[in-house]
Amino acid sequence: MSFVTSQTSEASTNPETVVPPGERKGWSKFGLSPGWAISVVVGVVVVVLATLFDFWATTFVVGATENAPLVLAAFGFALLYRLTGLLNVAYAETITLGAYFAVWMNNSWGLGFYVVLLPAGLLAGVLSVVTYLVIFRFAKGRRVGNLEMIVISFGLSIFLQHALQFVFGYRRRAFDIPPPNTIEVFGVGVSSFRLLALASVAALTTIVYQFIQRTSFGLQIRALASNEGLAQASGVRPLRVTILIWFVAGLCGGLAGVFYGAGASVESFLGIDELLLILLVVLVGGIWGLLGVVVVGMATGVALTGITLEYGNSLYAELVLVVAFLGVLKFRGRRLTDGSKV
Amino acid sequence: MNLDWLDAFLIFGAFKVVEIMGLGLLVHLQLGLTRVANFGVVGFWGVGLYAFGVAHLKIDWPFGDPYQFLVCAAIATIVAAAAGLVVGWLISDLDDDGTLVGTLGFATIVVILATTQQGLTGGALGLGGLGFPYDFSRVKTHEFTWLLITAAVVALIFAYAWRVHRTPHGRLLIAVGANEALARSLGKSATAARLRMMMVTSGAMGLLGAMHGVMVRSLEINSLDVSVTLAALAALILGGTARVFGAVVGVLLTVALFDIVIQFYLPIPDGWNTQALPVAREAVFGAAIVLMLIFRPQGLLGQMRRPALMRRLHGDW
Amino acid sequence: MTPAVSVNGLSSGYGSVAVLHEVDFTVGHEIFAVLGANGAGKTTLLTTLAGLLPALSGSIAYHGTDVTNLAASESARLGVGYVPQEAAVFPDLSVLENLTVGGMIGTRPHEERLDEVFETFPDLRGKLHLRAGNLSGGESRMVACGRALMQDPTVLLLDEPTAGLSPLYLELFFEKVAEIHRTRGVSIVLTEQNATQALGIADRVMVLSLGVGSEPMAADAVTTELLREGYQI
Amino acid sequence: MTGEDLRPQILVRDVSKSFSGRVVVDVDELVLGDVPVEGLLGPNGAGKTTLMRLIMHSIPLDGGTVTLSRPGQRDVLLSATRTSQMAGLGVVKSTQVITDFEHLTILDSALLAVTEARYERPFAAAADRTVRKRHEEEIRHWLDYFGFDDPLAVALSGGDKKLLDIVRCLLLEPAVLLLDEPTAGLSEDHTERVKAAVRQLASRGTSVVIVEHDLDVIWDLCDEVIFMAEGKVLLKDKPATIRANPTVVESYLGAGSA
């Protein structure tokens, strides 16, 4: 209680203030109706530009394939953020763990990349659930406030970053996989492996998206996210659904980690190095719903590559994007809503 | 001054303790009173460090030390305060999530700029040539003196934080942190209060960065590491975010324990110092944050003792 | 026979502040109306009965099973359907999805239950794929009731089912409530400010005044004077 | 200050507000403050609290204007003013939900309300005593009046927090005071004290507008009652007249009850 102001404790026990959707954390939209039209238009523009100009072809192809894991990671993070309202910094270590598990299975048992992919993702999902049950659920039961929750996730992230070095070793690790073939797309050579990463990411986001849209569990997830109190009064058991969502988010993060790791190498700061970009994509893309996260994630990947190609330094690209995102967040992002309470 | 009894590493350890204590006290004003969670402490500190270094090395000052130091340190403070103002404005009407992203984003921007602006900062290679603003002929004496001066600055920061608890400014910060909407309805501009606080605390963080630059005598990109933020945050949370002494106690139990007691007085195997110990240190700090916030969120020293303080101040009411 | 609902010495509120003071009543196989002006504690009472707000003291039982401070999802599985006054639908879900969420508990075939809801609210049939957040007040109230009915409840809690509805819908809704009670054999607890309408369908009535409940009485024994006193008008 | 024309007034013109398509407030024209104490009355969803929040500009208006006029001073467009500037203009509102500053003592709260902005700057070092000296008398008066034995402690009970909220409002010396359920959860004795304080304040020229669920407080305290339903102002009259009005009775009890 100590960190909770009397006003927020008021709100947390008062169903009338908990229930209205406008007051919930996360975004208001989950649907995608206007999104489809925009996506189609964007897709056409991309194909035309890529066919006509070499620079754009390289930008789109490299941007999309190299940064595919960003989309997947942001998608998983967004799911969790949408349902629980928790900005979980330690999600970064779910990503790292996915990469570590995969590289460990690959290095120790000589299993191929595609063999270790799924088990590594599942393990990351399980560990994500463990962090929920052991840390976040427990903390929530002790009525830890929202700000403290974020700080806890920050502490957990730091802890895992370093503790993992004792488990997996200090040095960087790399996958032991045969060199990939190069395939030409729009005249740009891409490794078959990166292309497969893009395909897997596309397939996974689609599957998870469909799971949420079409299945009964998915409906429960959306009901809980839409109106928590009403979902409970309708018989939705929040614990099961919450565990499921932590698992799915962890799975996405873990798989993203495997792809990240395969693109470069694996070390304990792999996740945290990508986190800021993921956070920005989720917070800004989330303004336009879950599909917005995917689209903004893709656009971010392409922009990163484009600016890097143009100015020859990937740090400039990151700088431009961080500043741009913070600007969007300032003017379009969610505001404090408690002004209306007085 | 005969300082043979003093190990040079010990001076550096003590400097770190003092420095993090200063940062912890400033985070106390931000997080403990105003409830602004700054995850980019290293950004403000780093802006001070680099502004100082660049001003010192790249500008041809017509005067020498100590004036050159004073002017450059003032520049560092002003630049960091301006950064505090900008970030404060950026996060002024965002929620805790926005604050996290805003401060983290700012720290990242600082690191990127320090890396890319090679002409000014030396980039990834770093830049040497900073020095102490006095000349006593022996390095150890220099460092020891600098430790004392930094300790004096941190003592001033402590005195300021202590004073803030006893002024209407502090009351306003607590009010804004606890219930912004209610403070607004009483005619208080929460944004202005927060911006002023961010400006003052960030400026002081920048000054500490400048003092760090003098001590290490170079700009190194690796020093802009999240571990600065972590140490300040972990120490404060361990000691107690809402108490002035929280950062002091917390730093003694964290940074002093690891960087002085364990490193110098425990018989640890060779080689641990370079790898296992620093890694374990960060892991322990992270775990400390998690465990404290779950089991004793008010820290070792406990809650703000406002009624007791008011009794001391207004006992004759 | 054990009463459908029995409430003993129930106090409830927000934080440590009680809004409802030691309320007692039992509900049999009937329509039980809780009347009172705004601020009387009607919504607090129903939110507590639904299990969404912890009781400060006292007890709640459904068909003899004590549910005091049981999670709302478990009360729902015991047969309690709840229609809150505000935010009674999932705005981001379609009408059909709203109804489906209600039909997730229980064993009867989904289609069968859906058909019964359409019998009660035929208007919903044509709006299945609309977003519930875009419906009008009356339609969204139908969705809310339909969702609760999909749960096959034995006890239905209705919080001001007609608040904010146009007079046309108002009449219709009270008829529907009576019909649901009659055809499905559901015990109904409803809160209402509009006394006249509620008295028309209720079997028994309790008047809440600033969080204190009157002795429950037969609906036809309620006089205007009694109401005006309770409402402080 | 004598005569009804010289009271501070708030003019609400064409103000509307909808939440997700539902019209909550739709007021063509309303003058608040032509009598000392006015009550806002209406069934659930009438828009009373929303109207007060719109006046305070703590939620944005969909359209229309709110103007403050004070005798001898320029009119101020409240609908273009920040919430944090309202208190400085003399427009003050108590809060409906029980709310307080965690950690701050009762005296802190009182001092916070009266402290001028210049003493609240980061380096205004020796200001606490100064502030206290300037305002000690009034703080002491109101704290004693509501029976706070130990102002150096933190308010614990809901009732104390509610009273403290009212004390803060009174210390701001409002020209227009909006009270949202000021006596909810208070003991009878405290309710009477709040009522007496409101009367006293009104007799000194403050215009008071009050929303309260305990209608006896309204009937007792108000010189005039404004009756709202579904966001619109329907009636404005003496309490006794409102109480007997068939529309009012029907809106509470239902058609045919009057």
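The first chain written gets the first letter, and so on, giving A, B, C and D; residue counts start at 1 in each chain.
Rule of thumb we're sticking to: a contact is a pair of C-beta atoms (placed from the backbone, for glycine too) under 8 Å apart; a residue touches a chain by one contact, two chains touch by 3 or more.
Given the structure is predicted, the values throughout are model-derived calculations rather than measurements.
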{"item": "Chain closest to the assembly centre - both centres taken as Cα means", "value": "A"}
{"item": "Most extensive contact between chains (C-beta pair count)", "value": "A-B"}
{"item": "Chain B-chain C separation of Cα centroids, rounded to whole Å", "value": "56"}
{"item": "Chain B and chain D: spacing of chain centres that average the CA atoms, whole Å", "value": "44"}
{"item": "Between chain D and chain A, distance of the C-alpha-averaged centres to the nearest whole Å", "value": "46"}
{"item": "Inter-chain centre distance, chain A versus chain B - centres from mean C-alpha coordinates, in Å", "value": "31"}
{"item": "Numbers and ranges of chain D residues touching at least 2 other chains", "value": "20, 56, 58, 83, 93, 95, 97-102"}
{"item": "Per-residue overlap in chain A, given as positions that touch at least 2 other chains", "value": "5-7, 10, 14, 339, 341-342"}
{"item": "Where chain B touches two or more other chains at once, by residue number", "value": "178-179, 181-182, 184-185, 303"}
{"item": "Chain C contact footprint on chain A (complex, rising order)", "value": "6, 9-10, 13-16, 19-21, 28-31, 216, 219-220, 222-223, 225-227, 229-238"}
{"item": "Interfacial residue positions of chain C with respect to chain A in the complex", "value": "14-15, 43, 47, 50-54, 71-73, 75-77, 82, 84, 86-93, 97, 100-102, 104-105, 131, 133, 147-148, 151"}
{"item": "Partner chain B, residues of chain A touching it in the complex", "value": "2-3, 5-7, 25, 87, 89, 135, 138-139, 142, 144, 146-148, 150-152, 154-163, 165-166, 170, 272, 276, 279-280, 283, 313, 315-316, 318-319, 322-323, 325-326, 329-330, 333-336, 338-339, 341-342"}
{"item": "For the chain D and chain C complex, residues of the former touching the latter", "value": "20-22, 43-45, 97-98, 158, 181, 184-185, 213-216, 219, 230, 243, 248-249, 252-257"}
{"item": "Chain B-touching residues of chain D, taken from the complex the two chains share", "value": "56, 58, 82-88, 92-93, 95, 99-105, 107-108, 111-113, 115, 117, 119-128, 131-132, 151-154, 168, 172"}
